[in-house]
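In what follows, chain A forms one complex with chain B and a second complex with chain C.
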Partner chain A sequence: MSRFTLLKKAKEIGVITERYPYKPTKVPEGFRGKPEIDPEKCIGCCACIAACPPNALTSLDENGYRVIRIFYGRCIFCGRCVDVCPEKAIRMTEEFELTADDHEELVQEVRLKLVRCSVCGRYYDTERHYRMILKEFEEAGLKVDPEVLRRCPEHRMGMSAEVIGLRRVRK
Partner chain B sequence: MIKKSIWIYHLNTGGCNGCDIEIIDVLTPFHDAERLGVKLVGSPRHADVILLTGPITRQSMEKAINAITAAPDPKFIVAIGSCACGGGIWYDSYATVGGIEAFYKILRERGVKPPKVIYVPGCPPRPEAILHALAYFKGLASKKIKKRVFVEK
Partner chain C sequence: MRILRLEEIENPELKEIYEEIVKRFGDGILRSELIAGNKLHLHVEKGFLRKVSSHIFDELGAFYCTTAGVDERPLGGGFRAYHIFSIDEKNLFIVVSAEASPSLPRLPSIANDVQGANWAEREVRDLLGIEFDGHPDPRRLVLPDDWPEGVYPLRKDFRYDLKEVPRVKKQYPMRRPEAEEYVMPIGPYHPALHEPEYFRLYVRGGRVVDAEYRGFGVFRGVEKVAEGRLTYTQIPFIAERICGICGFTHSSCYCEAIEEASGIEIPERAQYIRTIMLELERIESHLLWVGVACHLLGFDTGFMHCWRIREGVMDLCELISGNRKTYGMNLVGGVRRDITEKGREKALEYLAKMRKELREISEVVSGMSELTARIKDVGILSKADARKLSVVGPTARGSGLKRDVRVDHPYFAYGKVSFKIPVYSEGDVWARLMVRVEELFSSADIIEQALEGIPSGDLMAERIEIPVGVRGLGVTEAPRGENIHFLITGAENKIYRWKVRAPTYNNLPSVPIMLKDESLADAPIIIASIDPCFSCTDRMVIVDEKTGEERVLGAEEILRLARRGEIR
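Moving on to the complex of A and B:
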């Protein structure tokens, strides 16, 4: 092989180097980039937090809010949170340019309001989840005393017999 | 941040090699980091930037400290991958320090001034994500991410 063959070959193939930092690049189909929580859809059920292998997703109840927090610095982009979310509130975006100067920049936080138990006054569930359950009861045609749902699980226990009794009577 | 060409030193502190393969990708003719003046060097004494991968295992910590202190000032660290940025899947393992934050705390305790760090999350990050960080050093690319907080009204 003479060196001209090589030159010819090089001319034939041309430049293969990408132009990336100067020109945007495409990601392959099905690429898992940064997961993002849609704050309008999330109900604060914490299913994603239980599923996240490295605990990049965490939750904390403080000052009447449930904080769902995702730290991209620890996320392994596995997509398990997307699989388990009942509201389809998380999706994998195609963003991968996550260069940051500070680890606080790699955070997304969703703060959802909590409701208090009407007996003991402690926070026990998010307002969105409470409204959702109320709606589901309505749609199923079950009449439920809203007072039952306004109680924390412990204080609801005493009432449940009563509620079940009511259902039987209605039937 | 750095005007001159960046010389990089590749330091694996116990990662799974996924990130290391992506760093090698960045240096191949396809991604070609040398376009940006980036050159891989064999000794931390020649390096401006240390590309650190892995969650810093207890076995590798002393060597990592040696390599970081050997680099001349001004020096920077690029934490590549979720392991380096926040400990990744091994963040609470007994065998690792648990990422760069915890590592820097140890450095401070020992009286070593920790260099400035740039985070590149991903498991592993795409070669383009590493190129983006290197371009950010040269002022060719801007930061795309910031903290977002949503508070329900």
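Moving on to the complex of A and C:
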């Protein structure tokens, strides 16, 4: 066998390098690209933030809003946020070309309105989550006083066992 | 304090070993315990540390794995060093540890008896401040030159998020060249591996007479980040980023250690999936290396073909896991992603093609005398030296040591597949090349059998509970050899101590031996022959020949000088 074997082989195979980036390249199904939050679905529960290994996801409560923020400069595209999101609000897209001139281009923010505790007045939950719980009680045929749910966890202490014991369970 | 009774040990070989140790060193054994049936922990009185270690290394023929230092002051103790040994042919591990006082931590060094412990003890000294009495070379190892003395980053009272540490002006004391010896720096980047390393070769007339290594330019303290900030389920992701080529072996090894320590049984399907991914990773890694070796020898056609073949396995992994290289599939308790029918088909298709093409290339390579002449009888590591340093992986198997974690300490689905382990006794670069080439075929065998035998079922264990204060030892065979993760679990969903020892750590100290008396032109391929995994740095040392003064240059300065053509 001579070294020309490989030369011959190269000729046989031809050019295999792709014209990327001049021609777009395809990624397979299930590729873990840039994660995106659907702002219509996110309830601001922060489960994704607790799971995110490099702290690419953060949240900040400010002026009556909760801001859920992904910074792609830190993201490692692991998809753990997708695993844990109870609302399936995050998905991994096929996008991977993330070069940017500015930090701020590498950010996605979701703003959610917060509700106040009817006793102490502090913000304690997002409005969307609060409404969702109300609705779920209704659908389960359980009557709860909306006022009770309008209390922060601290001021719900000592309320009737049914109310406190009722937690949202997803199948 | 508890001493294991003989009846508590089921394994007859371990029983015998333990009996002998107790008979000889009874007074020195303060505590002993058995973990997972084959890991014997001996807490010894520090005066016995050397004797017990030598007994295990010399008389029991164990290999030395590594040493982990732990700050146990918050647990009510002092500082402890755990020396880990493996008795390959009996599938046993013996962990010998001794405690140093919290105020003045000192322990006797075992590095004179067990040469392989030289680096690990220096690392423990750097990071935890245990002084090892009688150490043959107590220079700094992992911390940068300008790090102040007396600041120990792995101590528990050192905050993981500390931003600034005062820097000092200091130089690493390299050996000075003797008369008629010239210094030839190779680094700060390896010419072909594009990774940071700094080898200082002492040359006399084109022959290498001595070599020194200064590495760890990018020691980043991932262990500290994990201990300080991350939860158990987050660590696999940082573990996978320890290496850009064989990261999956690290996340697997970490999970294995936690699962074993906590008694978590992972589903069989998950074990098979881990095995398959680990072997795909080995194929990717070995093909990369064979290509680089061809490139270093000036055979770029071979390099191109190897990397072309490799591209197929990258695509395959991307299809299965969602990413070419960081598979991100491991979690404590199992795997997150299944191998689909499509993935299975593509894998089988790829393996068949790879076998055929690899055979073609290796036939061509072995037929090229100008290529083989440059690697045969070059860079020799004798079996005795290999054993003394406890080298691992293809480096060991190229020097006649038949050791492979997949067979010696089977994990995941490795016990259920059969494959060949190539061993060559020549100890030269050629032997290490042949081992890797043949291993590529073995990996294909393993994957095919695993895809055949993979049972259906769950991917994650049902119950995942991690108790506090248990010790785990994970061992996997990475593409470069035995990979070790030692850990102690902690409270609040956090790890107390996580020690990682990648295979290159045990292999690098063998490079100066391989380089001795070789010609300078062969140095790059000899260094590359252990398939070293360094990491990134931006420094280099310049020695002024007239004054003997050394300067460390930053990246910008290097670039400026290089453009002006002033670096000779």
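Keep this in mind: the second predicted complex is superposed on the first by the 147 of 171 C-alpha atoms of A that agree within 3 Å, B and C clash if a C-alpha of one lies under 4 Å from a C-alpha of the other, contacts with A are read in each partner's own complex, and residues count from 1 in each chain.
The rule is simple: contacts are C-beta pairs under 8 Å (C-beta built on N, C-alpha and C of every residue); 3 or more make two chains touch, one makes a residue touch a chain.
Being a predicted model, the structure only gives us computed values, none of them experimental.
S.K.: Tell me the contact category for A:Pro39 with respect to chain B and chain C: first, second, both or neither.
M.R.: first
S.K.: For A:Lys113, decide between first (touching chain B), second (touching chain C), both and neither.
M.R.: First partner only, chain B.
S.K.: Based on the superposed arrangement, let me know which partner A:Phe77 touches: chain B (first), chain C (second), both, or neither?
M.R.: both
S.K.: Taking the superposition on A as described, I'd like to know which of chain B and chain C A:Ala51 touches: first, second, both or neither.
M.R.: A:Ala51: touches chain C, not chain B.
S.K.: Does chain A have more residues touched by chain B or by chain C?
M.R.: B
S.K.: Now for A:Thr5: first (chain B), second (chain C), both, or neither, which partner does it touch?
M.R.: After superposition on chain A, A:Thr5 lies in contact with chain C alone.
S.K.: After superposition on the shared chain, which partner residues are touched by A:Thr99: those of chain B (first), chain C (second), both, or neither?
M.R.: first
S.K.: In the overlay, answer first, second, both or neither for which of chain B and chain C A:Ile16 touches.
M.R.: Both partners, chain B and chain C.
S.K.: Where on chain A do chain B and chain C both make contact?
M.R.: Residues common to the chain A contacts of chain C and of chain B are 16, 27, 53-54, 76-78, listed in rising order.
S.K.: If we count contacts the way the header does, which residues on chain C are in touch with chain A in the complex?
M.R.: Per the stated touch rule, the residues are 230, 233-235, 237-238, 241, 301-302, 304-305, 308, 311, 315, 318-319, 321-323, 326, 328, 336, 360-361, 363-364, 367-368.
S.K.: Okay, in this complex, where on chain A does chain C touch?
M.R.: 1-3, 5-7, 9-10, 13, 16, 27-32, 51, 53-54, 76-80, 83, 92
S.K.: Considering only the defined contacts, which chain A positions touch chain B in the complex?
M.R.: Within the complex, chain A touches chain B at residues 16-18, 20-22, 25, 27, 34, 39, 53-56, 65, 71-78, 95-113, 127-128.
S.K.: Which part of chain B faces chain A closely enough to touch in the complex?
M.R.: 29-32, 35-36, 82, 85-92, 99, 101, 116, 118-123, 125-126, 128-129, 131-136, 140-141, 143-152
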